[in-house]
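Okay, so chain A shows up in both of these, paired with chain B first and chain C after.
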Partner chain A sequence: MPGLGTSFGRGGATTAQQDLANADCILIEGSSMAEAHPVGFRWVMKAKERGATIIHVDPRFSRTSALADIWVPLRAGTDIAFLGGLVRHLIENNLFFREYVVPYTNASCILSDEYRDPEGNGDGYFSGWNEEKRAYEGDSWLYKGGDLSRPERDLTLQHPQCVFQKLKRHFSRYTPEMVEKICGIPPELFHKVADALVAASGPKKTAAVCYAVGWTQHSKGVQIIRAAAILQLLLGNIGRPGGGILALRGHASIQGSTDIPTLYDILPGYLTMPHKGDQTLQQYLDTYTKKTGLWSGYPKYMVSTLKAYYGKRATAKNDFGYSWLPKLTGNHSFFEFLYDMLDGKMEGMFLMGQNPAVGAPNSRLQRKALSKLKWLVVRDMVEIESANFWRESPEIDRGELKAEDIETEVFFFPAAGHAEKEGAFTNTQRLLQWREKAVDPPGDCRSEAWFMHQLALRLIAKAKASDDSIDEPLRALDWWYPEDELGDPKTEAVLTEINGWYTDPVAGVGDSSGNESVVFGIDREGNPHHGKQVNGFAELKADGSTASGCWIYSGVLGRDGVNKANSRKSKDYLGHGWGFAWPGDRRIIYNRASARPDGSPWSERKKLVWWDWDSDKWTGIDVPGFVKGKPPDFEPEVGAEGLDAIPGDAPFTLHEDGLGWLFVPKGLQDGPLPTHFEPLESPVSNELYSHNTNPPEHWIGTRHRAMQSFHLC
Partner chain B sequence: MLTTYRLTEHHTAGGMSRFLSHLSELQPEMFAEISPELARELGVKNGDYICIVTLRGAIEARALVSRRIRPVHLNGKTVHQVGLPYHFGTSGLVRGGAANDLLSISGEPNVTIMEAKAAACNIVPGRLPRGAAFEEWINKHVPTGGPANLHPEQPPLDTAKGGENPPGGHGKEEKE
Partner chain C sequence: MASLTALLSKWPLIRQIRERADGTGLEAMSDKTRAMHARIDDAQVARSICPYCGVGCGQLIFHKDGKLLSIEGDPESPISQGNLCPKGAASYQLLTHSRRETKMKYRAPRAKEWTEISLERAMDVVADRVWESRKRTFVHKQNGATINHTTAICHLGGATLDNEENYLIKKLFTAGLGMVCVSNQARI
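And then the complex of A and B:
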């Protein structure tokens, strides 16, 4: 989620679906929300009933378009040109929300003199391009002086090196006429959209943007989302009711599976997976801890994660078990190991909740890769194509592959359905919702938790029987989870670990019936395992006295012993009391921006969180996303660190400077600003640059690219 | 250009929907949504079989001729668009070509995601030949003509079939 993450600080939807009802305009692009997210779409219809303008931008007229006020057909893959056109329109015609943009975004920040944009001589390339590595070195994208914490600013936005002037120049050629040439959208229709968005911007109005994989699955997907982030920041729509960007996730708990990741390069809570060079915990922490903002707490989150993994075996003396974590040696994404399978470098695979034989790109190559494995474990509810590819596939059908030649041994494990297991889903709006089991799964069907737990128990037992040092990380795991009668780990015990606790065990504490501040306090051997739960990530420590399996979820099962993901009593329109939204049950994040710099609401109509001068704290309808007692006029001292370095009028507290990033000085591989490139395989040439496609796009290796051809694979 | 999308009645790669009778009955078959303009050019009627071809391979589908999808006109050039649901496969109660057979593996620079929503393709009326005839057929119909839109790292794709017109033009000229 680097599109949202680099723009605002967190890789999650900024708002809740219920809040769409408060929007004055909703732009849906890269999604057919009415068809793919019909439950949430009711809030779009609610907004429409209240008079909001609904815009659907999509190559295809769907049910979403039918219910929209404006349908904008565009050529697939040209979203940046369209959104860039809107950005240019706002800037050139002075239609952006200046009172919001100047204090809350980095528009005024002065960039390094080394920065060059892709216009003019750049011809599609930013400064820092390394042709040999086919990658950017991003140092020239930093603020002047290189310090992201205290940027030099020009609040008049006139300085030639300020972000605003660079943004203006970057999009200067994205005129309505250019939009027509690239996207096929007539200027009249373009202006209709622009006018609707501008009419819904300002102190009394807001507009929301909804997108789904129609934006992400592109060779420049992150930059499309970035373009929307720039648009929403210029219109002053982030952190405010009826505003925001709603990332509509592809399926159940996709948000959850990036928060507690199934990705190779991050640890729970968006901590970075250590790389080969990050030898010691100190080196690692020095690299990834930021001096100012919420990420200054990195050591607390990381050490608490290690304590959750390794329990009492993680000590200050052994770097809290840091050496047991695997270290990345390269790109280990799904596509990379697909090629390892084809090359015979990977012998076996566990496949759960995925069907690459028809569900992953170049499926014919996927099936060929599966046929090279020695063994394959598939867990699913039915015998999917990835389990029977060896006897039923287009390749078998046309004699290209023969079942008798395929040596892959497939182990098929029947999986429990969603009503047959308990646990939490984290949905599109960062909301954890608990689900109880309705019935036991039939026959040998089991939950994923059961499978992973039982597999772990067996692997750990094998590791304990060995004295090979390679098994040390397995031996070190704190696998303490109590079981139910089917052999499933108790999932609320897992949730308790995710929430986090004080590590010092409290004697004599049993199940939730015991001391209410300690639940599931007994391990598998019957010994006291941990102390009372923490109430939120603010309590986490870097000295090993706390553990948390995913710091951003902290607070979901706090000292009151209540599983808040399982709460079902909504108290307000944002749904507080129903489930638990990370972070800290905040439904609209960065909500300091819902108040003016002086702390008063932008308008009565759009009030959400404000500064209460009587009690000297932030208050409102949502949980304030700001240090509670920090006044709006707070000025940090020179040299201040952590959250103390964030001024009282800087809403984006995960960024070192507390600002929304129109321009991303650090964190992206393909440029600080979105730039239009054609899809990798396009019948059209790039109208803007002599270079057709996104320069650092990764074809996963030369030989592999050749294998994309039917004839060569 | 093809784009892919989801149907309300099916779920991702179909494991949770193509094996259920009531959902399968609601969306029983793979189809490709094309505009009346493209249908006219191809001589195809609503419900006819067409094949969709890219460098990776080919699938067949029923043509859904509809004004819901439209050609775009860019500077005097017409680009047709083809909409493909991506839920089908070879198992289950309802079966059909997998749109993913057509898509390339590529890695967006930040998150290594593939490009599934826009790619050039060729459309051929009729059904896909089965058995050994398939290879001859795809040699004939793979998108050709014009310079290949390749990554600069990539050597020219000229080794495929002894000196013949190399595949890889990616439909600079899309029409049959």
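And then the complex of A and C:
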């Protein structure tokens, strides 16, 4: 999320796999796509058939390299030096796509005078470094004046404090010779890549970048992705057909598991999980609501989430149940709570589709941690190592652990497979695709939905029989779901809640009948539960009159009662009519950038979305990612808020300024620009800075070194 | 005599001689082959998606009388156009292989073996364990601030669960029980 999210606004691939076929050049780095995503790779091959140049940057010669036009072996962990070298090449030789860069990115924005880059004394530090806390702090990376909404700009890109000049200076020492020294890539090969990318840039051409776990698994993965984002912005490739950055996710629903997260620090739709300091709803909303851009709607998304969680018990009077939401008191990720497990502080654990006893680093430590639990619930299709560590493990074999000493109570629940339950995955291109159920699961096998539903019913019954105040959130939890013969909740009813509805119940509706546009409108007691569905997040309100379980998915099951994740009639190459791509069924996001600032397509060959002067609205092949009737020459009034503050030629509407961020003024912990540091494990010293590794990495380094490879996406 | 001719004409070789054919056409078929048809001819089909990587290939899952028959690529998918990789093409075996567990199992503290337990009973006991652990460890306030959480029950999930399942996990565990230690392997 931070890499793509801070650069463009949303933490998701910007394009669709099929669209790779339209690319004139494809750079694959940090992925062996031909082997790991073979069916997606067919679109790379399609592009190659049409004459595109395929570049594979990877230390290892794989099947992907064999099918590429150019294979670039680089030393592992030096991606930022290589990409930074390309950025320097574009800037120094004036080869970037100026017509795109000037209006659509923050190249022209003037930075605060306090900003200092690592070139100052060559140590690798930006301004704001606090040595004691070993962290960056303060506001020195902000735009001049501190307001991100209305930056001062110099469209000539000459101002010494503008982002473009800072970017130029930052990468000035990333020369082809330096790239050779650091990455081991000879200058001729470097120029071959640079020439291919430049040849595929401009009004008539585009290039795409594909990456996978070869980037995200790095401790500095975020900054590698940032470097690619800068490259793609400079080449003018974001929001345009055949362009973009395609993050290739490793599992069926990696994207889905962060959109609707089972992660500690976010709520559905990338809302922030409240921290201990966010004591009231108002405090919380004041902290996270942006004045301009789409995040100005934060209160609407948050209140609608609380309404989805706590139903009619969430009222304006009780801050919509905000105090019931648990507050974070630190880092509660797996890497941290593992230590609580080892210390015996963790009583119980649920494992659903993970196998830390062999799947996480330092498996001996993992198994030891499991043996300290009071109870453990494992849900899987086979008896995995994490379920039987007390019986079969190297520690048992060596006599290090004995079954009779292990107190852990283990419950093994056999799980249903993908054909035995219905529900949606969100694939690598933000596409929700529904699976119909084929058969019942065998024996005791059940879905996770069944398990959660059955557990919830039992716990809520206990809470209702108790008068303990700590059980109030459980009593308030809106668990209304109708169920089938097996006891599974109807997952389409859950999807309807995710989509969102008007909260006033409509009396007399039939269950699932579609009456009054209400789907699954009857709760478990037979009472009307909610009103008609919303058609998209634009309808959400902050007054409690709407509920939505995940605002970015809103529209997937709107008032027509059609589950669009299950639609199966693809109408065009982007697949409209097949599944539902968030947000708003947009297949290529930020697609306002596919048109020139004046609203006309960059070229006939690369047209996607454009302004139609006859009907005065945005139209095109994709769903326009822009306010439909906002003309290209729209100038916001001074003091305008929300989307009204975004000019007609600013495609990145989640950012306060509507611009693509070459430089990230806010939101990253380890620097506003990617900087080459050696990996923690590196045996060689840094050629560019006096610090070998990224300063903020030291503190995580000692503790998390063993854990880094856990990052699996 | 007529019945003998009929009987003989069932022999493909005779038909081949009579029809002066080369034995590669319809004349070569026996009653058995004539009655043959594809396994999936009268099967039902579910539209599905491959459970492995993030590409999201379309699958057609053929089934009959509550039994899986086969899994094939969905030609109408705009992403995969009918293709599946070797792993996806073998996903039928993921569901039907012999090592798949279909029985609920319970291991008591210090026990050396699994014991049997019914699904219903197991759900009741797990609910009891969650209830007790939560009661013991729930923190309402810390230094004057309301935090309403427990850090003594954790969840580690996979990224192959459905969105709806993840939604229910977050809703019950976090919004209902106050669990903050909720994690999975996805880092986008």
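Heads up, the rule we're going with is that the second predicted complex is superposed on the first by the 681 of 713 C-alpha atoms of A that agree within 3 Å, B and C clash if a C-alpha of one lies under 4 Å from a C-alpha of the other, contacts with A are read in each partner's own complex, and residues count from 1 in each chain.
Here is the rule we go by: a residue touches a chain if its C-beta (ideal position, glycine included) is under 8 Å from a C-beta of that chain, and two chains touch if they have at least 3 such contacts.
Since the structure is predicted, the reported quantities are computational estimates derived from the model, not experimental observations.
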Side-by-side fit of chain B and chain C on chain A, or clash: fit
Partner chain in contact with A:G250 - chain B first, chain C second, else both or neither: both
Which superposed partner A:A229 touches (first chain B, second chain C, both, neither): neither
Superposed model, chain A: greater residue contact from chain B or chain C: C
Which superposed partner A:S32 touches (first chain B, second chain C, both, neither): first
Touching partner for A:L365 - first (chain B), second (chain C), both, neither: first
Chain B versus chain C as contact partner of A:S393, first or second or both or neither: first
Contacts of A:M346 with chain B and chain C, given as first, second, both or neither: second
Which of chain B and chain C A:V382 touches, first, second, both or neither: both
Once both complexes are placed on the shared chain, angle at chain A toward chain B and chain C, C-alpha, multiple of 10 degrees: 70
Which superposed partner A:L325 touches (first chain B, second chain C, both, neither): second
First (chain B), second (chain C), both or neither touched by A:D259: second
Lowest C-alpha to C-alpha distance for chain C against chain B (Å): 6
Contact residues common to both interfaces of chain A (with chain B and with chain C): 36, 38, 216, 221, 250-251, 333-334, 354, 380-383, 710-712
Residue numbers on chain B that touch chain A, as the complex places them: 1-3, 5-8, 11-16, 19, 33, 54-57, 67-70, 72-75, 77, 79, 81, 83, 86, 88-92, 98, 100-101, 103-120, 130-132, 134, 138, 142, 149-155, 157, 159-161, 167-168, 170-174
In the complex, chain C residues that touch chain A: 44, 46-58, 61-63, 66-68, 71, 76-81, 83-85, 88, 91, 94-95, 99-114, 117, 119, 122-127, 129-131, 133-138, 140, 142, 145-188
Complex contact set, residues of chain A against chain B: 2, 30, 32, 35-36, 38, 59-62, 65, 73-77, 134-135, 180-184, 213-214, 216-222, 250-251, 331, 333-335, 338, 354-355, 357-366, 380-385, 388, 392-394, 397-399, 668-670, 678-684, 692-694, 696-700, 702, 704-706, 708-712
